[in-house]
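Letters A, B and C mark the chains in the order given here, with residues in each chain numbered from 1 onward.
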Amino acid sequence: MRLLARRLGLYLITAWVAITGNFLLPRLMPGNPIEQLIAKLQGRVTPQMIRAIKLQFGQGLDQPLIVQYGHYMNGLLHGQLGLSITLSEPVSQILGGQIWWTIGLIGTAAVLSFLIGTTLGVLFGWTRGSRLDVVIPAATFLQSLPYYFLGTLLIMYFAGHLHWFPIMNAYDPSLTPGWSWSYIASVLRYGELPILSIVLSSLAGWMLGMRNMMVTTISEDFVLMAVAKGLPRRKVMWHAARNAVLPSVANLALTIGFLVSGSLLVEQVFNYPGVGNLLVNAVGNEDYPLLQGIFLLVTFTVLGANLLADALYYLLDPRTRASRHEQ
Amino acid sequence: MTDKTILEVKNLDVDYGFGDDAVRAVSDVSFSLGESKVLGVAGESGSGKSTLVYGLTRLLRAPGIIVGGEVNFRFPSESGEQDFDMLAASEEEIRQIRWSHVSIVLQSALSALNPLRRIGREFDEVFRTHDKSLSKEQRHERAQELLALVGLRPDRLKRFPHELSGGQRQRIMIAMALALRPELVIMDEPTTALDVVTQREIVSELAELRRQLGFAMIFITHDLSLLVELADDIMVMYAGQIVERAPAQELHDAPRHPYTLGLMNSFPPLHGERTELEGIPGSPPDLKALPTGCPFSPRCTFAIDKCHVERPPLILESGTEHSVACWLHDSSFAGAVPVELSKRVSHKTGRAQ
Amino acid sequence: MKSIQIPKSPKVIVGLVGLGLFILLTVIGPWLAPFDPNFSGFAPNVAPSWHHWLGTTGQGQDVLSQLLVGCRSTMVVGFIAGFVATIISVVIGVASGYVGGKTDEGLSVLSNVFLAIPGLPLLIVLNSYLPAGQQTNPLVIGFVIAITGWAWGARVLRAQTLSLRDRDFVEAARIIGEKRVRIMFGEVGPNLLPILTSSLLFTILYSVGVYTTLAFLGLTNVSTWNWGTMLYWAQSNNAGLANEWWWVGPPGIMIALIGTSLALINFGIDEFINPRLRAGGVSAKARRKSGVPRRPRLGMTPVLRAPKEIGPNS
């Protein structure tokens, strides 16, 4: 339990760093942040924009930094992430609308990729030395393909050429969003290719890592013992796999970070709604409140996912739990 | 004690690697093991003792290959006795005899037990695999009985391996090895990782268990003194070859091979007076580049010229059960056998050599 | 000090050759390019032909020239960022692992924080805070990439340093009274080489990937040619939908190839560090000829009743 508490502590610290960084960085820029921003926007400001900027930074600009920080933290705790400069809506509202697309896409893809990848890794690790080993260089190449490239290729061939999948968007543009069956079916249908592309590009990583762990685990004594006990081959493989999968679960946390980064690209390539699109647009428009809001959101999500993965590892490996009966 | 043989090994050769890269790890080893007998196998690391037993149970990992010889088990069955050719058997046949007739205890219980599973489940699995007729309660009962055999409380079944001490883990390994009442239990340095006191405890527990249950044992170690109490016969190996074999007490009292002498002098006795320890000069042999003649000759303080030229065969001293592979004891040797290697054993009448 | 052996497995050789080719291309690429990549006077969207080996873009530019010229920017930024990040991770990781105590705790927290914050969003955000002129400067971008990419290497190096610190030869140096810095660089350092190289390659891989991704998203200077920028323009012109494979394909494949080369070298190093992963060094043909099964089956040690060798001792 102590281990888990330490991880939680770490994540809280990280969250705090992210929040504080968000607060400090714009203020570290020389000069008045408001004027700075307006200067950056180079005269494209409208009265609403100025209002948004002032709300973001203007409150109590003449007050000491600590007080401003207090205001900022207070606002955060109430779920206020500021007002978007370009869209003139509260950032939290904008994000709330889009985030489910991202979670749905990334979540499904991550789970599928992990399951398929580790299973394949077990098989390839177990059959090591056989002809199947040619898959290793192939998988390496697959993993090196930039995600957006793979996505584009898939669209080009499977959607554009073979017409097996729709080309872009999250659902049929002619439908209106709602809880209708046709809408849901459309969402699922349009989600197939994006999810497939994410799974394909991240699969190799899981597979290769798992294969290595499998090979290392098989050389351990307890696997030899399982054979010596006369267990059928399948069972021996299962025992080895169960032990070998642990480091992959530990790595799950890390890869979630990468997957979230990758989601930015999915949305670009497939014209899928979500947080990624918002981020890129925000950067282009220098919509700082939105930018900061997205960054914080993404960071918290990743940290949350990390915590879940850590908890899962803690459950799976009894060695992490110190027993009262320990000698 | 009956004189039934349960294991017969003839001219076994085991290599690591093949073709030009092959290294002979076990060379021309033959022995037989009787029912309920204990055979001790002693030697340094790299002497081939582990390779021998893993080879004869076909548990040797790659790149090990068995390149010659025969390994035959003889197990009692309903129809009398059943001969089992280990090297020719199919995978399924071997799987049948594993653990039910031949089991194994490894050196480090911590790495031999699955760290993610409770002890109870390991026992349960062994029963489930080999005896489908038992119910869950029966399996649990059997497991508890086995733990009681080695002096452990039944609540240990609920523990994970890392929650137990080294001695407890090793006892659990022994209990598990006896689960199906095999005819033969092979122990690969089972006490090496333990402290000296626990070592002695476990060895005497093993002797008692054997008296009770009547299984045969092959006990591998580099500590000869452990074997003297436990084993019936001791086989000393060097560079993959047997250099001496004799009944335990006789080997201890009257070692014939210089290497055996060296081994015995390397270990301090737990009782008795404190003498100066002598190691064996030189370093263990490089199996890839064995010297001509006797493999021990470079380190042997008694070596004669012939030792460096021709490899001595393993010869049985007539009228005894004592074999040794050393030119000093061969009839061709004209000189006097060194005093240390020619002690007489009091309860045997031997002819002067 | 043990000699450094370069593993001879085919994977490593392929990887090294690949890397070598890319380095060569970095140097002579622009020189080899048949046209100015910016020149947009050619007929647009032309498929590969004798005149344009890789066809032309939607703006009427030569794809091959862009590809060759783009190599330099991609590789240079990627490599520099990778090296800088590795230097940071060495300093932090080794110091953390060797010195221990409060220093270790503090630096570990720092590493873990950077590791946990997702890289690309952080990168984007950091970049956007820079003054407008600096935002697309490749060197600055490289630097920012380095800041976000050092954490993983630091963690790995720290773990390795920890395991090396308590080894006998380090203890001996300490007893003799060698200065801490000297021990760190003279004794621990050389033994870190394999892991360090692996970490360096990974970080370069990461940097190349991130840099091209940023370019793809249009966040770098879109008039400097690199492979990511090419894909940016391709995407903006919907080249994928128009099935212009000659425009979309080559840059992506180049990125994949450099990635694969680096990864293969890494595999070789992995096998070197962890001998269990090695294939055993014998060719499949030799195995088959001698009758040994190619795939070792656990629990079924192979039996070959070959005639006993006649040696000098039989």
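Couple of notes before you dig in:
The definition used in the following text is that contacts are C-beta pairs under 8 Å (C-beta built on N, C-alpha and C of every residue); 3 or more make two chains touch, one makes a residue touch a chain.
Predicted model, so just to flag it, every value in this text is computed and none were measured.
At the centre of the protein atoms shown, by the Cα-centroid criterion, sits C.
The count of contacting C-beta pairs peaks for the chain pair A-C.
Comparing the centres of all chains, each the average of its CA atoms, the largest separation from chain C belongs to B.
A straight line joining the Cα centres of chain A and chain B is 55 Å long. Chain A and chain C have Cα centroids lying 22 Å from one another.
Centres computed as Cα averages put chain B at a distance of 50 Å from chain C. With touch defined as above, residues shared between interfaces to two or more other chains in chain A number as follows: 219, 224, 227-228. In chain C, the positions touching at least two other chains are 280, 296, 298-299.
In chain B, the residues that touch at least two other chains are 59, 61, 95, 98.
If you check the complex, the residues on chain C that touch chain A are 11, 14, 109, 112-113, 115-122, 124-129, 132, 205, 209, 212-213, 216-219, 228, 231, 234-235, 240-241, 243, 245, 248-249, 251-253, 255-260, 263-264, 267, 270, 274, 276-277, 279-280, 294-296, 298-299. Contact residues on chain A toward chain B in their complex (touch as defined above): 219-222, 224-232, 235, 239, 242-243, 316-319, 323, 325-327. Chain contact summary for the complex, chain B toward chain C: residues 13, 17-19, 21, 54-55, 58-68, 87-88, 91, 94-95, 98, 290, 292-293, 310-311. Residues of chain C touching chain B in their complex: 280-282, 286-287, 290, 292, 296-306, 308, 312-314. If you check the complex, the residues on chain B that touch chain A are 57, 59, 61, 95-100, 103-104, 106, 108, 111-116, 125-126, 129-130, 159-160, 162-165.
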